[in-house]
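A, B, C and D are the chain letters, set down in written order, and residue numbers restart from 1 in every chain.
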Amino acid sequence: MLNIGIIGAGRIGKVHLQSIVYHVKDAKVKSIADPFMDGETKAFIEGMGVNEIYTDYKKILGDEEIDAVLICSPTDTHASISIEAINAGKHVFCEKPVDLTIEEIMKVKNALEGKNLKFFVGFNRRFDHNFAAIRAAVGAGKIGEPHIVKITSRDPAPPNPKYIKSSGGMFMDMTIHDFDMACFLVDSGVEEVYVQSAVLVDKAIGEQGDVDTAVITLKMANGALCVIDNSRRAAYGYDQRAEVFGSKGMVATANDTLSTAVIADENGVAGEKPLYFFLERYMQSFTKEMCDFVDAVVNGTDVPVGIEAGLQSVKIALAAKKSVETGLPVKI
Amino acid sequence: MLNIGIIGAGRIGKVHLQSIVYHVKDAKVKSIADPFMDGETKAFIEGMGVNEIYTDYKKILGDEEIDAVLICSPTDTHASISIEAINAGKHVFCEKPVDLTIEEIMKVKNALEGKNLKFFVGFNRRFDHNFAAIRAAVGAGKIGEPHIVKITSRDPAPPNPKYIKSSGGMFMDMTIHDFDMACFLVDSGVEEVYVQSAVLVDKAIGEQGDVDTAVITLKMANGALCVIDNSRRAAYGYDQRAEVFGSKGMVATANDTLSTAVIADENGVAGEKPLYFFLERYMQSFTKEMCDFVDAVVNGTDVPVGIEAGLQSVKIALAAKKSVETGLPVKI
Amino acid sequence: MLNIGIIGAGRIGKVHLQSIVYHVKDAKVKSIADPFMDGETKAFIEGMGVNEIYTDYKKILGDEEIDAVLICSPTDTHASISIEAINAGKHVFCEKPVDLTIEEIMKVKNALEGKNLKFFVGFNRRFDHNFAAIRAAVGAGKIGEPHIVKITSRDPAPPNPKYIKSSGGMFMDMTIHDFDMACFLVDSGVEEVYVQSAVLVDKAIGEQGDVDTAVITLKMANGALCVIDNSRRAAYGYDQRAEVFGSKGMVATANDTLSTAVIADENGVAGEKPLYFFLERYMQSFTKEMCDFVDAVVNGTDVPVGIEAGLQSVKIALAAKKSVETGLPVKI
Amino acid sequence: MLNIGIIGAGRIGKVHLQSIVYHVKDAKVKSIADPFMDGETKAFIEGMGVNEIYTDYKKILGDEEIDAVLICSPTDTHASISIEAINAGKHVFCEKPVDLTIEEIMKVKNALEGKNLKFFVGFNRRFDHNFAAIRAAVGAGKIGEPHIVKITSRDPAPPNPKYIKSSGGMFMDMTIHDFDMACFLVDSGVEEVYVQSAVLVDKAIGEQGDVDTAVITLKMANGALCVIDNSRRAAYGYDQRAEVFGSKGMVATANDTLSTAVIADENGVAGEKPLYFFLERYMQSFTKEMCDFVDAVVNGTDVPVGIEAGLQSVKIALAAKKSVETGLPVKI
């Protein structure tokens, strides 16, 4: 039985807690730490059977019975806490992005050198049933050599503009999932990035120096071309689709809905909107990634999304930001 | 070049005229007859290049240059004009149903005996791209032995109740297409019919002694079970679907639409309604059946829908009416 | 916290155990009884944190701390154990069918008279996301007055013919869900039943006096017509669709799949087969019904599927059997 | 009755001939010219009722009874023949592209100045039912302000590499339709182009200095972003889809198929491949554009796709070629 400590009791920390309690056999959550723990959160955690609740995450790192930690704190603490945890001999599951800079991620990478510890980056979408089905079809050669990758990723509503700065902007906060997805779907790195972007959703986002709409072209290392389109606001909800086209065919996925019900009336034939946002859409993937993390630690299997993947996606995001600044394609 | 005469210049007569002018290579329409020929109709016919326009169809039958006639007159004249045409040595394309009674159809059948003439019954839906694709899949064994046939057939709007009597009622006028379709899809006759029906659309239809909604079960001669559901009024338009389920799988078709466009907005994800009614939905099938008729006459190929098919569908329709009267299953 | 005892540790008993442990907040399983408890089952139950494991269900009924029982034993024991449980003052969740005879179900109904106990019949499909969406649309008047109900229900593989007798045959074991669904979707009882059926899947089923393929017509009390089509074997898997057509439109559902992935290649454009069988397809509905049962007991809300629903579906199933025997429609 | 002369009796010339004969009321083809006229072509033309068949197109231009000409000759003759026709007082329908250079197209534009003649560029896809439905939805404000335009355009098979040079390469020959479509769908010009491209289908195409796979980003004048993805070879056939995403929603189209039939068996649930290539897919659009051309001439209505549209698409194509050469975005 793996003992896990969760650092950060925000939305995603709670999701992981729930996944472990309900769905992960070989692990239990021993303790949770968060400096800002309100009563509701505390009650939720206790309701899940966790009684060691701290404000200081160092109590978790200092607990010798803890085997692994989940780092669900704000992005700018991911790298430093990761390094502390590694040095304390803990396996680490770290939410994405590992950091907004290459330098800090390299420090984490260096800390891992020579240690026999697992480091898992929380790119949960790799564990989504739809994207996993694309990857499986591509991996099985069903579409031949990949030529074109297309990812549509549109949020139902923009974040609070105040949140933009700390999140690193759209590419680091939102598109980073799509960058990782592009690499995952065709099992390849990225060589060059070009971005066409605009502020079409919310001027306040532009005033923060960020964009809210983008078409991003990637030249993949394996020769394939990739295009990602992003918007911070799709009126019909969370739009998460992907397609890989290759020498023998194409595999594509549609959005998930709450039901398959379709109503035909004098106005037309209407189905449901996509599931509302990432918690609804990707809940199963959060569970799946946690199972895989625990499996990697307990059974010594390979981590499917390690520090290299965390590094790669941030490199692409930084190149994307540079492409916006320069108006030019940027090599990685 | 086959010379054709058209008897009846109503809606369907005009459709056939247009098909022949635009799409049938080896035939031309030499003359058209209708006792009630208005100015607009006459202009339309002349615009199609036909100058021999009569009120009396006997002029067509008496024209030795005419090889074949299309009988598009009212249902109660189909059989008698067919017999006259056969006796005049003309090949015949007759709109469905051949007659409302078995007796009259048998007279047509007898008239055909020993004559080397083609008799084609206008079950145009057999020539529709969707239903033909089902028939092809079933015929090719793709779904194995047929077990269950399902036909949905709903009109966008009921006919004028005054028209009910002369049309022979819903089974003879509307469902007759579905009866023929059931036989066509699995290449089998029908042994028994049971009808559950109701008047749910328009009370005036009930007052004419007819029904407007029905679920009809057929026991097919080949052992398959079939169900047809009918309504005289679907708010979303003309609903024309079919499905054949068998030992190895299932083949099914959806409705046709004007475009594949789908609009996603805050209300949902909406596609178009089906094509409005039979002229829109089945236009290509009218052309295709006319090509096949001309081909059968010119090249001596078999008629795909002959007098036996015309007889069979009327027998089923009569059994369906009897099932409504008795509330019991009726053997054929 | 509601204390639950589970009677019967077969497949469905385990499903309910898992649902309660993982997803039901206000209840816990205190004990489980089954006369045939193998090691694997015992280990599974203990793994779920239940330590009171009995061979004799009477120990559960005699436990004063137990508030409610789930009856997951063989069908022929449902009624008698239900009555014992009621007399012991327990709330009851009983798997369908309550019994194969009206007489026994009436005894359960009588036992409930005057008791302030909840009795919930396990028609889980009512809690399925797709069927619930149809019911919601119909209930909200989106399709107007219901005219035609269509239910397709086909299993991926037939049961062992030896199992036929004890299960009561196809109508009592399989179609009973569809009978309940028809009533649920349009909130109406059934007045008359007519069945066309055949043995097309497995002759051994016919030798047991049962059928494996059927088209069943129901005349609903509210005037709507309903048709159910069943097969014991669909080559492409578990086919579970429904459609309600009414005066203002239609609502219909499609099958669920593991992913939305579609592969286009030189052979065509192919999506996945439906989810394999009822455990895969209806897992969420099992959880949902358990939540509703616990809610009804704890908060005193109405039971959504009570003894009347259990009685109704068996009455229809018996009428269906009689229709097969007589070849005639049967009034209820 | 408009008298039309067709210059060029290749594939597309024949398509237009057929459209006019079968579907255009107010026009007839008086003569056709082609220097390379084989027997089969001649027979086809005569079969369509055209008897004036020339090798020299100047006979058409010199015929005073001819009101309008269709220029279906090789691309490098479009501009010069257009100018001759204009100077001879003929209305012109010119196949796309008008020329491979801006200079030549400007000469055509200049020739049109002050003349009361219609000049129609054959961007037939604007008249396609699916793309027209997108345009109508966008024009009606159903998706709000356009933010992202996506066009997928993949051919079923690459052209003969020998043909590459004379066609002007992929952007001028194939993507030019997509450039025009982008402008059409959101009624806007293009400001900047960036291309990621590769030779992934056929090395011989690369040896001709062309590419066969591309992802093209356009910055539209109205602020929207557009991405086009192209391949010269889709194993599953002609892939022609588009999507416009905006502030209020999205409109998207799928491919057309020969039928809606779907076969479910143990391998999955499979539908048909898209219609094979442009003649199958766009046949109705060829007819529609010819009707619109004749309507513009006869009734003096505006030409929906004039010389400006012809100029615009070539400018974008040239910028795309330059982007490939320089690896940089190119302003227009």
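What we mean here is this: a residue touches a chain if its C-beta (ideal position, glycine included) is under 8 Å from a C-beta of that chain, and two chains touch if they have at least 3 such contacts.
These figures come from a predicted structure and were not determined experimentally.
Asks: Of all the other chains, whose mean CA position lies farthest from subunit C?
Replies: If we average the C-alpha coordinates per chain, D ends up farthest from subunit C.
Asks: Comparing the two chain pairs, does A-B have more C-beta contacts than B-C, or is it the other way round?
Replies: B-C
Asks: At what distance in angstrom does the C-alpha mean of subunit D lie from that of subunit B?
Replies: Each chain's C-alpha centroid was found; their separation is 39 Å.
Asks: Between subunit A and subunit B, tell me the centre distance in angstrom, where each centre is the average of that chain's C-alpha atoms.
Replies: 58
Asks: For subunit B and subunit C, what's the span in angstrom between their mean Cα positions?
Replies: 42
Asks: Would you pick out the residues of subunit C that each touch at least 2 other chains?
Replies: Only 234-236, 248-250, 264-266, 272 qualify.
Asks: Per the contact definition, I'd like the list of subunit B residues that touch subunit C in the complex.
Replies: Touching subunit C: residues 144-145, 147-148, 150, 152, 154, 192, 194, 196-198, 200-201, 213-215, 217-219, 223-227, 229, 231, 233-236, 239, 245, 247-250, 327-329 of subunit B.
Asks: Which stretch or stretches of subunit B touch subunit D in the complex?
Replies: It comes out as residues 22-23, 25, 47, 129-130, 132-134, 137, 142-143, 248-256, 258-266, 272.
Asks: Under the stated contact criterion, what part of subunit B meets subunit A in this complex?
Replies: Against subunit A, the touching part of subunit B is residues 234-236, 239, 264-273.
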